[in-house]
Amino acid sequence: MQNNATATSPCDIRDLAFADQGKRHIEWAFQSMPVLQIIRKQFIKTQPLAGIRLSAGLQVTAETANLLVTLRDGGAKIVLCASNPVSTRDDVAASLVRDYNIPVYAINGEDHAVHESHLTAALDHHPQVTMDDGADLATGLHTKRQESLPDVLGGTEAADAAVGRLNAMAKQGTLKYPVIAVNDARTKHLFDNRYGTGQSTLDGIICATNILLAGLNVVIAGYGWCGRGIAVRAKGMGANVIVTEVDPSKAIEAVMDGFRVMTMADACALGDVFVTATGNQRILARDHFDRLKSGAILCNAGHQNVEIDLAALAKSASSHREIRPFVEEFGMRDGRKLYLLSEGRVIASAEGHPASVMDMSFANQALSVEHLLKNHASLEAKVYPVPDAIDKQVARMKLESMSIKIDRLTPEQEIYLASGCEGS
Amino acid sequence: MQNNATATSPCDIRDLAFADQGKRHIEWAFQSMPVLQIIRKQFIKTQPLAGIRLSAGLQVTAETANLLVTLRDGGAKIVLCASNPVSTRDDVAASLVRDYNIPVYAINGEDHAVHESHLTAALDHHPQVTMDDGADLATGLHTKRQESLPDVLGGTEAADAAVGRLNAMAKQGTLKYPVIAVNDARTKHLFDNRYGTGQSTLDGIICATNILLAGLNVVIAGYGWCGRGIAVRAKGMGANVIVTEVDPSKAIEAVMDGFRVMTMADACALGDVFVTATGNQRILARDHFDRLKSGAILCNAGHQNVEIDLAALAKSASSHREIRPFVEEFGMRDGRKLYLLSEGRVIASAEGHPASVMDMSFANQALSVEHLLKNHASLEAKVYPVPDAIDKQVARMKLESMSIKIDRLTPEQEIYLASGCEGS
Amino acid sequence: MQNNATATSPCDIRDLAFADQGKRHIEWAFQSMPVLQIIRKQFIKTQPLAGIRLSAGLQVTAETANLLVTLRDGGAKIVLCASNPVSTRDDVAASLVRDYNIPVYAINGEDHAVHESHLTAALDHHPQVTMDDGADLATGLHTKRQESLPDVLGGTEAADAAVGRLNAMAKQGTLKYPVIAVNDARTKHLFDNRYGTGQSTLDGIICATNILLAGLNVVIAGYGWCGRGIAVRAKGMGANVIVTEVDPSKAIEAVMDGFRVMTMADACALGDVFVTATGNQRILARDHFDRLKSGAILCNAGHQNVEIDLAALAKSASSHREIRPFVEEFGMRDGRKLYLLSEGRVIASAEGHPASVMDMSFANQALSVEHLLKNHASLEAKVYPVPDAIDKQVARMKLESMSIKIDRLTPEQEIYLASGCEGS
Amino acid sequence: MQNNATATSPCDIRDLAFADQGKRHIEWAFQSMPVLQIIRKQFIKTQPLAGIRLSAGLQVTAETANLLVTLRDGGAKIVLCASNPVSTRDDVAASLVRDYNIPVYAINGEDHAVHESHLTAALDHHPQVTMDDGADLATGLHTKRQESLPDVLGGTEAADAAVGRLNAMAKQGTLKYPVIAVNDARTKHLFDNRYGTGQSTLDGIICATNILLAGLNVVIAGYGWCGRGIAVRAKGMGANVIVTEVDPSKAIEAVMDGFRVMTMADACALGDVFVTATGNQRILARDHFDRLKSGAILCNAGHQNVEIDLAALAKSASSHREIRPFVEEFGMRDGRKLYLLSEGRVIASAEGHPASVMDMSFANQALSVEHLLKNHASLEAKVYPVPDAIDKQVARMKLESMSIKIDRLTPEQEIYLASGCEGS
């Protein structure tokens, strides 16, 4: 254990000396998390988590810190470990310990053994509620701490893949407490996939390359929520957007939205910048590399690093170098040069999603925990979606945070709607 | 019966002399119905309706004519009566009879007795397939021609309200043949509610008033498909768009799309033009009329004529006159003047939806009839949605008609998707 | 002279019985002419035209009526004749006489002799100020009433071609009084060419054809003020806009604005709708007609009817008919069909420019007359542009009419600017 | 002199060891400077600068390097010194010397004495052509090397302030050779002020703050070219844009473009982000700071650091800290927090304008030098703008680089235009 002599909470972190910087980061993020601010004020009054032991296995970031502070102020006794060892912000961890009195077990780059020891610390907390981003705590409880399971009232899970595993457990009857899958909230999707990804993808491209987007042909593969978010922002930056799709319904929607739609093979001859956002593999593959214009820039906003066929790209090239940070130049045998961003991994702003995007996600998590505690008696040991009422409540709070008031149905109008007369 | 002496088909129409004009209208509409053109070519080859007796109770318009000609060319023996007596185009009816050899029983403005006699003529055709827009034929068969029911293979229904009644019958077990509700096809909705209504509402406002939209504050009540279609077009014409909503999820989406959102009470002080598109009543009501700026223009793109409280408007006013066709001026007691368009009924272009919008709707109908005939053996006597494959097929044909090619999944990619690895 | 027995002013108009309708038209237009409303209020107080004899040779429309009423309320004694015999609104003329006490000499469709007699009536008024739209009155005074010239303090001219002739006279020293060319005011251009033409061209296309613009390729020839006004509105309606240009500076600007730019020859293969707005001839010519897609719609928003080579189009076609009002179908020998709107003349909304566009133009005229009267002593007998201060004043009044307040420079800021430190 | 032992050219630079990195930077920039690529190919053939001694006092960046290589390949013998000591890229300087054989005298952060010695080295080159960005070389020649002046054929100047001084010299008759002011080319302005500043300002804000722009109220002070460039991009990112102006003509244009316009005092209550782009001082001043919402972000895209009144801001605040790099937090006495970006200096992307923007500027410079050499005999010793033909030529080359072809006037059309018939 490092220089944590003066820590006010038990912890295992890099260095308390980073706490000043971490505090600034947490406070800056808090500025852009107005929904969590509203929830925090409510929680301070209503104490919905009074005395509840909560273990969190989340990414240790400034935004997460604000979620935890909100839960703490709602009465929870919290222990935090990292769901992802490489994303831990050591400064944030330090400030959580020093300034917010929350025990943290997380060090950026921690090795497997240390990571396991941190997880163990979180399990030792005997949580009544788990908050997971990858099911580490839920899995740990079900495998190593079955004696603790009866005390667990419920949990939340933020990662889609983990939700799949938990669902499988629920089917087999091995899941022992209710879990809310927070990733599916509409407010989360709206801000994250559409608006968050739209901005961060373009910003990532500009930061990596410093190119001027206006007047360029930007080819976007996939017209799902991410794809259309990117398309509308690229158009907003003056680019001429081309969409490729495999689904005719989405393709015709892109046409009606004013975009050009064509096959990727045809788009290759026109595109200056390519962004894949399909969730499928080999969207840009061998045949495409042969057709691209020299200078074409390739990046991915979709899934992992499989959308651009990296092996085929390497094989097509006769030379290869990093020409700028995050920009690799592939020299083709015919003299053309192709540029790959971020090694084909998801391109994004340097800092990831804005705090205001995480605000929506974390607001759903905070209210979901409150919901679990209020309703645990009637909940079964399965995976639940975020209740619609919470989703709407988050939207309502976001509007409130912007000082935006909306109408409410009059009793008359409620009756009219209920009578089934409405149309359009 | 009028001057139908030379008619080549049995019919009851206004006057064959109108046929020249009707033919031009039908041909012009056909230009803008490329999907139906593709289906017609296929039907000519494949004859999916060969020898089938089909009775249609639809609005007698140039677009409907092209649907019927397509079905006729697919082998059907058709009789047409009007679903709505006041929308019948007498010239189209005349041309259908004279030039396309399709029996028509429809006269614009026909009284109840004549309308019934026309319905009877369509029932007398002993249809194997019914195409309804309001369930006139289906109801007639189930109530007056039960002996014909065993021969009926299926039907289509275009009106939402009638779908509700048919569903109720199916629940009670009294529906005797399968019906496809064609109104719910995604391609229909996309073109109709979003793009069709968007353009036709703005065009209707401009035609009625000849105002310049750029720089005006346009208030749109409701951010459903119609509302957002109108919002994006109003923005496209240079207006400054304000949205009102009762649903916080839709409200926050409007905010993120760059629109101002506020209560109608607040919007009243700012708006130059108001468009209701909610499907609810009294969206603009007594209190609002008191707050509106002098010169405010009020219209409805939603449901019937209940969204603007017409009785309250009349009561608020001390004077009332038609100042232009489709524009009524209400003089308020304090000297302000409010302008109501189209008597608060749905405002639209003079001619209603463009033929290319109806093309999508009727393409779904034509392919649904083909589907009914192919699959009637396995279909139950209930209400079905348009099969997803047909919806996609219509989208595909629309793309084809625009010479747009899209990608197809490679076998590899199909496997990858099926493996559940995809994300985003 | 017709049924003008009860006219309160001397006049020669169609029929006073039309006055009710005319009054409604004038009042409706007045609603949308807020700048003129402000000027009228000022003029009532300040009486800048007190006792001045003013003859106007303008188009007799509802908007013109509001200009004249404003000038009358400023103290002018007015006589109106028509600058264009075929645009005279007989109902407006009747109301001006009956309800506003302004003598009018104008009948829709008047023949040459009657037109001359009306012009003579306006000259007989011995005007001190002339308002022309084609220099009829100025020419009449200089050729037939030279004895009246010394009394003339000044005039305004709205037609570009006439401005050219007046400039030539000024050069030769034969122009005898100062004239302000009102057509060049920036506020006039902004509203007229960019926003007025943008909306009215699209509205004209939709009214003539009832097509859905979303998803169509709309080709706009010329990226001047009209062309870019049309381009931005077409994009706003969901069209995919292609621009053609001969000027590389304008072409690159169109590219940077996000539009596709190509030669007309290449655009022919893609376009669904073509709009010419260049001010040049044969923009769509023989070679283009051979390349167009069947169904292509051709129209002109530019100059006269020379931008589309009508003779070549007729020659290319093997058949020709009017398929709808304002839509001619040309059948090509290879079976393709082309559609020409409005006989290749300028396409526009049914009613021409919105009143709010004319408001800006007429506000410049009203204030220009005031300027002439205040400054005639120091003005020479030549053609002047609208003074910049008036142009700005009109912009300011327009903002005021919209309840929009803007900042003013502080004295400090004035000094800073004057010191030449500013940049950007 | 540092480790320049192996330099192939005389020079004074930081370290040749940086040349590898510099070479990558130069090559990457060259990718995005297609117009300069075209000019370079031409210059290689035509050698317009064969044997000409050229001294350049410019910012030592990768883009400048490509300009110099182009001129070198056109035959020039070049010496480069830095116009701005703090913007020198030492790696670029190193590569120019090692890889491109161009003598460079520039070290990042060089002190006054070293800077002067570098300038002297450039003057010792006895230039026939000068390229200045601040008139250092022109001033040096006119003051210290008057004996060299007769050999100078001409020069270019890129800085507006220096153009003012040169114009003053020309008026007094003390300017001794012709200078082309390259900053005023239309193609330069279009790309730089409108599209360059638009993107780089938004990118700068996002990089500094990581906020999500969609849904925020962004207030832009000034609707000149920079302001409207920023406004259109902010709208494109989903922001709700408010414009403030002092000029009513620009204000009404902003309204017609669909933006809200109001006074800064009113905007203060609404804005989330403020961008000044006026060229004037104290746009955000004491009174405004009192009205701003807590969390408001303030930045400047205009002139120097005077648009936001920094002294007043400091005085208004009770606390002050850097909360993130480039973000200062000012705590107001009432608890509100305001955030100032980049110390009120021009905010921009980390790397400044994209290479494609500089491409247009430098293309104008390269062709202006060619023009000077061809026409020096007929040019007077005064300041010239970039000839219109060069400006158009640059636009044409930019289109060519994008493979965009445009139409040319036919001889007939030229005659028609010359006849003055055109309108619109």
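Which chain is which? They are A, B, C and D, in the order written, and residues in each are numbered from 1.
Methods note: a contact is a pair of C-beta atoms (placed from the backbone, for glycine too) under 8 Å apart; a residue touches a chain by one contact, two chains touch by 3 or more.
Here the structure is a predicted model, which means the values were calculated and not measured.
Q: Greatest Cα-centroid separation from chain C: which chain?
A: Centre of mass proxy via C-alpha means gives A as farthest from chain C.
Q: Which chain pair shares more contacting C-beta pairs: B-D, or A-D?
A: Comparing B-D with A-D, the pair joined by more C-beta contacts is A-D.
Q: How many angstrom lie between the CA centroids of chain A and chain D, rounded to a whole number?
A: Each chain reduced to its C-alpha mean, chain A and chain D end up 38 Å apart.
Q: How many angstrom lie between the CA centroids of chain B and chain D, rounded to a whole number?
A: From the centre of chain B to the centre of chain D is 55 Å.
Q: Please list all residues of chain B that touch 2 or more other chains.
A: Counting only residues that touch two or more other chains, chain B contributes 191, 195, 214-215, 235, 238, 252, 255-256, 402.
Q: How about chain D: which of its residues touch chain B in the complex?
A: 214-215, 235, 238-240, 252, 255-260
Q: Which residues of chain C touch chain B in the complex?
A: 24-25, 27-28, 31-32, 191, 195-196, 198-199, 203, 206-207, 210-215, 232-233, 235-238, 295, 321, 323-324, 327, 337, 349-351, 354-357, 402
Q: In the complex formed with chain A, which residues of chain B make contact?
A: Interface residues on the chain B side: 160, 164, 186-187, 190-191, 193-195, 222, 224-226, 244-249, 251-253, 255-256, 261-264, 266, 277-282, 301-304, 306, 391-393, 395-396, 398-399, 402, 404-410, 412-413, 416-417, 420-424.
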